[in-house]
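Think of it as A, B and C in the order they're written, each chain with its own count starting at 1.
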Amino acid sequence: MSERILKKEDINKFYEAASKTYKFYGPVREKGNIIFKEISNPEDLVLDYFNSKIPPKEIVLPRTETLFEYEMKGNDIIINDDVVPDEKVLLFGIRPCDAYSFTLLETFFKEGKYQDDLFIKRRKNTTLIGIGCNEPKSTCFCTSVNTHPHDKENVDVFLTDLKDKYLVIPISEKGKDLVKDLNWLEKATEKDLEKALKLSETAELSIKTKLDLKDLHEFLMKNFDSELWKESSQSCIGCGTCAFLCPTCSCFDVIDEEDKYNNRGRRVRVWDTCQFCIYTLHTSGHNPRPGRIQRFRNRILHKFSYYPIKQGLIGCVGCGRCIQYCPVNNDLRKIINKFNELKNKEKEEMVVA
Amino acid sequence: MSNIQKENEEIERFIREVSRDLFKENKVDLIIGYGKGSIPFNTTPIFISEENDIDKLIWNNFCYINLSRYLLPSLNDFIRENKDKNLKIGVISKGCTARSIIQLIIENQIKPENVVIIGMECNGILNRKKIEKEFGDLEITDILINGDNIIVKGDKFEKELAFNDYLSELCKACKIRAPPISSKVSDIIVGKSQEVSSIEEDDFSDISEFESKSSEEKWAHISELLKDCTRCYACREACPFCYCNLCFIDQNLPTWFSKTSNLGEIVIFHMIRALHVAGRCVACGACSNACPMGIDLTIITRKLEKIVKERFDFTAGLDLDTLPPMMTFKMDDKEEFMLEED
Amino acid sequence: MPNPYVPKLTTIKSIKAENKVNDIKTFELVFKKEEDLKEFNYIPGQFAELSLLGKGECPIGIASSPTEEGSIKFTIKKMGTVTTAFHECEKGQVVGVRGPLGNGWPVEDMKGKNIVIIGGGFAFSTLRSLTEYLLDDKNRKNYGDITVIYGNRDSGEVLYKEDLERWQKRDDIQVVLTIDREEEGWNGKVGFVAPIVKEVAPSSDNAVALVCGPPIMIKTTIAVLEELKFKDEQILNSLEMRMKCGIGKCGRCNIGDKYVCVDGPVFSLAELKQMPNEY
């Protein structure tokens, strides 16, 4: 039996052991917000939290990331493309929804003819220690998008919070090696496993928001020009909060920065969103998505239609951040339900006909 | 003892009555107001075009969005496309919302004949982020007002907090709770309003603590405040005055500033945006409320207001006659920054 | 694994002014490293992301044909930050190149068919690449009749004058040039591209039409082609979109679930009709 117990009072010991090999990232509380940061003092680690505001995707896809640096030497340019540090990162306390987002992001950055090696390198260097959610919020809907509060699939080691201790289950090869090295962890008992199972079942049952997303992706594409988009986007102010706080949004802008005095510069990428008005603006002035309706529709379709069409998976992890933090409370659940109503109405009309 | 819940119910009844009359008398084509949010602490803007939907309008102390934001640009395009129909849009307006509308009229962004200010006397907006912080990550399922207190309920808890302790800083300092009425503006205001002459003097005492800091302390404070900024521009999108076709930060011929999350670049963005809205900002707090990181820009907004008042003796959005300081000049404008020797 | 965002370095070998008002220039680039040139295997219709380090990057269609060895050519119009910076470059300037990117014209599928090439204005760039490719001794026999219809606002705007002259001298290609209005000394046709296509009336039998130009020209030309019984699968378009990464990762060039930089920029009319109208 490979399951172990990590007592919460031993967290510091765990930190000491892990930080010898890894850069230890975990949840800390800053100005009232939970954020995943590099920890130098294990006392800063918060163990009693729901989830971070900014999704942990920023560890594998930083807000500002150098693509390459260059130096001018006469008429010659020397490019340094070795910009991703070789360090190993341990991300402690990631929730199953965010861990699933890492899998979705990786699928996206790996697919096709070209692969994003920067992301892939960072992802490879990151080990995920997930903690299951015992008390999902009413805005969570992970069970509607192919995952659930105790989903063990996308992490290296899975922890279940048993109040004063964690049940430790190694999942991947990386995780198995990590747990093996922590040979001071006690073995878990049958009782621990039972308790964890019960917590998992209770958590799954407690999910209040359930969205019916079956076949919705085709319906949304077919109804690209529906009036319902106008209605759904009316209160949207195009602020981009939903995209910036979304674990699966990964669009970026590319900017060149020049340090003329020192004959050098760099090309960076920064987080961007399709909600910005200049996202698709051509130099000629033509904009394929000139208004709020088009931009709003694009984001919803990208998650619930285009991603499913290409990957067979819904591009959303049900974390509920867009619902909680939208400044105008434009609730995603309401929009999906409206489209479902329309879909069902059409089905009925077809049957009658 | 004030009864805030009763006040809210009265305001709600009042705005529904006024709105209903406007529809009955065919005086508006559309009303923008606040509707019930889907989660606690939230309200959502609603767009009502039929009398039947009037009861969707609500009022509570979480109506923090500045609704005048919706007049530009898309509704304004809608109005222009239907020039011959001379559309009228009613906006449920607290004092700050009305001041934004008046200021937008001065800036020629909307015509007075296309807007109706449905005035109400605002009793303050609560600082949601401050309340949330009291409860860590516990989920709040309901918020009620009881007497002078707020009752916050969760699945396993219930707590009472003093209303006044959680009122937004801007609302605490606010002197213009109902739309300010002056001669030219009276035509477009229905409902409650207050005489400009009755507005109390603002002593800006809420920022005196910040002002007394040294330069280094001020810089430390501002850096700490802004360092979490993710450059999402929610503050810009929520602001009714950020309607430029191409914001300075998006320009690339030339590129003025970078879009990275480097502290210098973040501070520059906020300072320049502050300068661009100086003399127009009505301290509605929409920017702080929209920020996903919970950055409270109150200090900047209030300091701006104070500088504009002291230098130019101007308060934004009070009447249609006075041009804001950044749109005009006077021969006796102070120029000490040019003449002073260091 | 190589970082896909890093450009290969080239130097500008020559700069040629293409039009009278001098806002369109063709830049001939030579790779600094031999192996980079060897790896740059492209087909007509593809594009590359050109970098002026410190200024930015822009996606430009490759104007040279893969049969023209040793260097690659790009025709750049002065429009925004990066393109303006290009126009201020001199010979010898270092330029970064990432590519070849995109799907290109389907030269394999087009074999054995009659090719109708219709271009308007500055968009003729990749069509020049295709024409040179088709006319090359190695390739000419694989294709049927070649008709080129190229329209411009006025004679000063006509690009690749020397190449056009060379093609007109050949007997295995029909070249029709047109300008919008009468001009003294102009020997070609006069009129917009669409009515000239109607006049030339290329047969749709076993043919494929490639259309490149400003939106209004594309719209009117497609209408004429449909009249001439061209089916949707027989009409190909090369789209333009705002691009940054060029490799389908930054997200911005999508039309529906397709990325113009990876699934395009060449799309058939049949494909375009399946895609949402956001381009």
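Quick note on the criterion: contacts are C-beta pairs under 8 Å (C-beta built on N, C-alpha and C of every residue); 3 or more make two chains touch, one makes a residue touch a chain.
Quantities reported herein were computed from a predicted structural model and do not represent experimental measurements.
Engineer: Can you name the chains that touch chain A as well as chain C?
Structural biologist: Under the touch definition, chain A and chain C have B as mutual neighbours.
Engineer: Which chain pair is joined by more contacting C-beta pairs, B-C or A-B?
Structural biologist: A-B
Engineer: Between chain A and chain C, what distance separates the C-alpha centroids? Give it in angstrom.
Structural biologist: Roughly 39 Å, centre to centre.
Engineer: Calculate how many whole Å lie between the centre of chain A and the centre of chain B, each centre taken as the average of the chain's C-alpha atoms.
Structural biologist: 32
Engineer: Averaging over Cα atoms per chain, report the distance between chain B and chain C in Å.
Structural biologist: Centre separation, chain B to chain C: 51 Å.
Engineer: Indicate the residues of chain B shared as contacts by at least two other chains.
Structural biologist: Where chain B meets two or more other chains at a single residue, that happens at 255.
Engineer: Quick one: which residues in chain A touch 2 or more of the other chains?
Structural biologist: 253, 255, 257
Engineer: Please set out, as single numbers or ranges, the residues of chain C touching at least two other chains.
Structural biologist: Residue numbers touching two or more other chains: 56, 80.
Engineer: What residues on chain C touch chain B, complex-wise?
Structural biologist: Spelled out, the residues of chain C in touch with chain B are 56, 80-81, 84.
Engineer: Would you tell me which residues of chain A are touching chain B in their complex?
Structural biologist: Residue list for chain A touching chain B: 30-34, 48-51, 53-54, 63-64, 135, 137-139, 234-235, 237-241, 243-245, 253, 255, 257, 268, 270-271, 273, 276-278, 291-292, 323-325, 327-331, 333-334.
Engineer: Could you list, by residue number, the parts of chain A that touch chain C in their complex?
Structural biologist: 67-68, 70, 72, 75-77, 79, 81, 83, 108-109, 112-118, 120-121, 221, 224, 250-258, 260, 265, 267, 269, 272, 274, 279-284, 286, 288-289, 294, 298, 301-302, 305-307, 309-310
Engineer: Report the residues of chain B in contact with chain C in the complex, numbered from low to high.
Structural biologist: Within the complex, chain B contacts chain C at residues 252-255.
Engineer: Within their complex, state which residues of chain C touch chain A.
Structural biologist: 1-7, 9, 11, 51, 53-57, 79-80, 83, 92-94, 96, 215, 240-242, 244-245, 247-257, 262, 276, 278-279
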